[in-house]
């Protein structure tokens, strides 16, 4: 048992614990906050996996941006901030059963999966490597992603914007 | 010999077709058309009969139907028995058509009536001419249809409808016996032809058991047609038809077809003692059974109907006692005197418009022709010496005695006594004494009606002479048929004496009871017995409660099975499918979460299955 | 050798469909006339075929064979090359059935005068149905059979569902669901047969399947497999025939469909089932059929008695006839199950005879319903007084139906029982009870309608005109013709049946 | 050499994925459903990054792939929320089980 393993277990525990907390909390805001901890611990895991850049991105986008968006979403739509879970027992059982089955099957496959070798130099100049790859090998997907983001931006605005008539109606 | 034999049945068929097509235009003339065409048949039949006298049997066939390797043929066969029957049938048919010209005069469906008579005569002649069992069966059924149509002639009467239906169904029950017997015999012999069947029987190709079985099944057909117990109930009901029809079909010809069938198949019956015994016992029982019912009936036609049943039983008894000649002889004489009796009864009904004998009486003086002719008929059937019935009945008694069935012999004697009694009861109640009913002027019937009666009266008087102990024309004639072994039994002197004695005793009794009123009527002395007899031993009721109601109950049972169980099962299947669809449609509630849950669960199951089958779960 | 006579026959109703397509929807008389005339064309072709048919020749005649579909499946044991031909031809049986179809169709078209609306659509569907029926009998391979079989289903569905009586939709759906399921099973069997044997042609299949069992075993067509196919076939065709307890749909159809369609349905469509059992059941699996013959005969007797018993207590004449059809189809089964010359011929006679008789009876039902608006027996007493000719035909039809000698019903009944008595006498004896029961229920129904006191509601009725009962006269004439001189049919049927039996080495 | 084996990361990712899936399928609040989906995407990302280090062909590509995933996830979150708000404006609810008008 070395330090790395201890760190991993702490992070994993936080991630899973916050996830389960998310499922069991009743207030929506609390749920989102709980998930922030998960995101953060995932960032920590990225660091352990020699992906420092990704860890920062994770913190920026997930723990920061997406969580904020979600909180905005909650605030803009709140009428009651509690999610009363009225899902029927049969369906919960169905979903739970499916998930357990899925988990078991997957678990038995990956339980002792190991490819033996591992990358050793990944943490060296991590950001630079990503940058080089992104602008050389993956330049087309990168550009496409930018288009996607643009479309998402426009789409989000159009969707969230009130209709003209509605606006006119409200203004009266 | 005679290439025109097939014309004999075709003429009445022609009459049927013509009258059916043009009857409406012919109107009154249709009687002439029918009678003339039948007269043609009669003449030809007489020619055929005369040619048969000492001649050879004639048989011609052509192929009718082929299946597999077998060819069934149709054609005609003339032998002494057939020739005799041809004459009887066409004669009675002709006379009845003449008679009907007067009797049915006021009916507005006159042509149809004659068309039906033509159809019936055609079928009857065809039956008689059949060279094989199959063709016989075909005409056998057609005869039944003719009878059915004529019984139901007054279709608007409820009783006529049920009587017609009953006649058809009861005889069909018998027919099925014939049907089965015929088919079984076919698979034993490989042919329906009479001569081949007899040859096979003689050669011993068929086992004793099969012969008995098929003979009894064929006899079942005869039971149905000839109104023998237990299928006799339709015959009295058939009196709902017009009276000439009763004379033609239900006295002289069709009901005799059963006797004819047994006579025609006689070599088969002869080969099995058990079959002969069955025939004799059924015949003997029917003879006395129907005679007792006849004692109590009040309807003039019903008395005659039961008398017919009884006399047919006599004929069966004769055949069953190996008295082939006796049976055929009685068939002949019976055709004459019973047709005469019916026609006379029709004449009476025509005059007084009632059939209840208790409302008649005193008609002797008013009906100068009918009354004596009826008396002749009654004397003939009672077996008064010298008349036709005497000789034939005597022959039957002798045959029965010679066959050694003494029980049946005495039954026959008692039946003869009863016959004489109820016939003269009828005669005295109708013709003597004072008029009891409300009767307006009673007129004698027209010549068209009396003429046939006179012809039949003469035949009833002298018909017996064709086969007396001294001159056995008939038995010699019939003996020409080589397939038959005809027993000649020595005549015992005391049998005619006993027969005469009992019939005279019966007449005397009737006279004492109904004319002199010296003896109380047995409806008063034994009311319970009378009640049973009046209700015909409750056989109709028994059948109604057992078979008719039973069939109906069974039908309803199956109907409800069909309605509820079969359709219920179908409903169950559709219900299950529907239930599944309902469950399925519950999942289609528009919520993405549910859809994805189900999809995911399905995927998980697939995954499990694949992993399980692939062995990844170890 | 190639003649296009059969194609012309099968597709000749198309002419009528095309003509009708360009006609206005409102001209009632014109549409009905054209509809009737259009059925005369196939009738003419059918007569030409019938006349041109050589009875002495056992081979399939007027053969038309063209390559139609080719495809290849790699890696199959038999090479994987598949061909399906366009295959038409007739034998002694089908030529008779084709003629029967054409005749009944023409008469049913005549009976269509009682159709009240949408004549254009009616006659187009009607003619389409006729194409299907003719095709079913003319085709010589399974795929064509199946296609034409399906063609009969769809128009019938619409004809029942649109032009029927009150509960027509339910009846139509019932019809479609049952027959759809039946034909689905049929299709599965056909495809399996095709995949196993590589041919769809009847003759090819017969000769393939008549090989010794050991040979078939090597081709993965074992005993159980063949039994399975045969039973699946019997179930599929048993729906059509129908065999109890698969009969409930037919009752609804008989009661709800318009009389002209019931004439076709009862006269021809039910016969496809019988024909199928004969052609596929006995033709492809003779040995297996022989082994289960007792059960088939038993089913036949059950059909016979069951239908007869239930018909006895029906109040609606149409239902009486529907159950009587169930009963009469039992005779077909009996005849087929006896597997000898007499029985088979009896079954085929029954197919033809019942086609004519039920067409006659349903024609009369239509005639009566048109005038009285009812077919309930209790509402129709004493009809003989006001409509003696109709009543007379009804009586004739009834007598024919109960197997009166001199009419076609007797010949078939007689021969079917003759056949069965040879093989299974006890069962046959039980079956003869059906003969009595048939008389009982037919007479009850027919006499109930025609005899007795005339109901007041009927008193003002008029006798139909000559042209109206002409179809009944034609049918009666045919029934009597076959009954009096059955050789007109047996001569042409016999060689075909003998060939069928010889092909399986049965005792003739 | 790292002492944490690949399978442990994978199992962790699996657990997180399952939690996300459960939330996405059972929660009624649309916001939570969206967040749960984000969680599932994160679990996938863990896998990608883990394989980038421990996979058969270790390299930087896995990390780049997860970058794309994060981008797409962000876009998705934005659009999803926009839809949510539009829906809320019209129907005054964010409950997933009331969003079934597409059924008709």
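Letters A, B, C and D name the chains as they come in the text, with residue numbers starting at 1 for each one.
Operating definition for what follows: contacts are C-beta pairs under 8 Å (C-beta built on N, C-alpha and C of every residue); 3 or more make two chains touch, one makes a residue touch a chain.
Predicted model, so just to flag it, every value in this text is computed and none were measured.
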item: Core chain by centroid distance, with centroids computed from Cα atoms only; value: C
item: Gap in Å, rounded to a whole number, between the CA centres of subunit D and subunit A; value: 5
item: Subunit A-subunit C separation of Cα centroids, rounded to whole Å; value: 70
item: Euclidean distance of C-alpha centroids - subunit C vs subunit D, Å; value: 65
item: Whole-Å separation of chain centres (CA-atom averages), subunit A against subunit B; value: 101
item: Set of subunit A residues in contact with two or more other chains; value: 91, 95, 99, 102
item: Per-residue multi-chain contacts in subunit C, two or more chains; value: none
item: Multi-chain contact residues (two or more partners), subunit B; value: 597, 600
item: Interchain contacts (touch definition) - all pairs; value: A-B, A-D, B-C, B-D
item: Touching residues on subunit B, where the partner in the complex is subunit C; value: 63-70, 134, 137-142, 145, 152, 155-156, 158, 160-161, 164-165, 168-169, 172-173, 175-176, 179-180, 183-184, 186-187, 551-552, 554-556, 558-559, 562, 566-567, 569-570
item: Subunit A - residues contacting subunit B, complex; value: 91, 94-95, 97-99, 101-102, 104-105, 108-109
item: Subunit B - residues contacting subunit A, complex; value: 594, 597-598, 600-601, 603-605, 607-608, 611, 616-618
item: Touching residues (chain side subunit B, partner subunit D) in the complex; value: 588-593, 596-597, 600
item: Sites on subunit A touched by subunit D in the complex; value: 2, 4-5, 8, 12, 15-16, 19-20, 22-23, 28, 31-32, 35, 38-39, 42, 45-46, 48-51, 53-54, 57-58, 61-62, 65-66, 69-70, 72-74, 76-77, 79, 83-87, 91-92, 95-96, 99, 102-103, 106-107, 110-115, 117-119, 122, 126, 129-130, 133-134, 138, 141, 145, 148-149, 151-153, 155-160, 162, 166
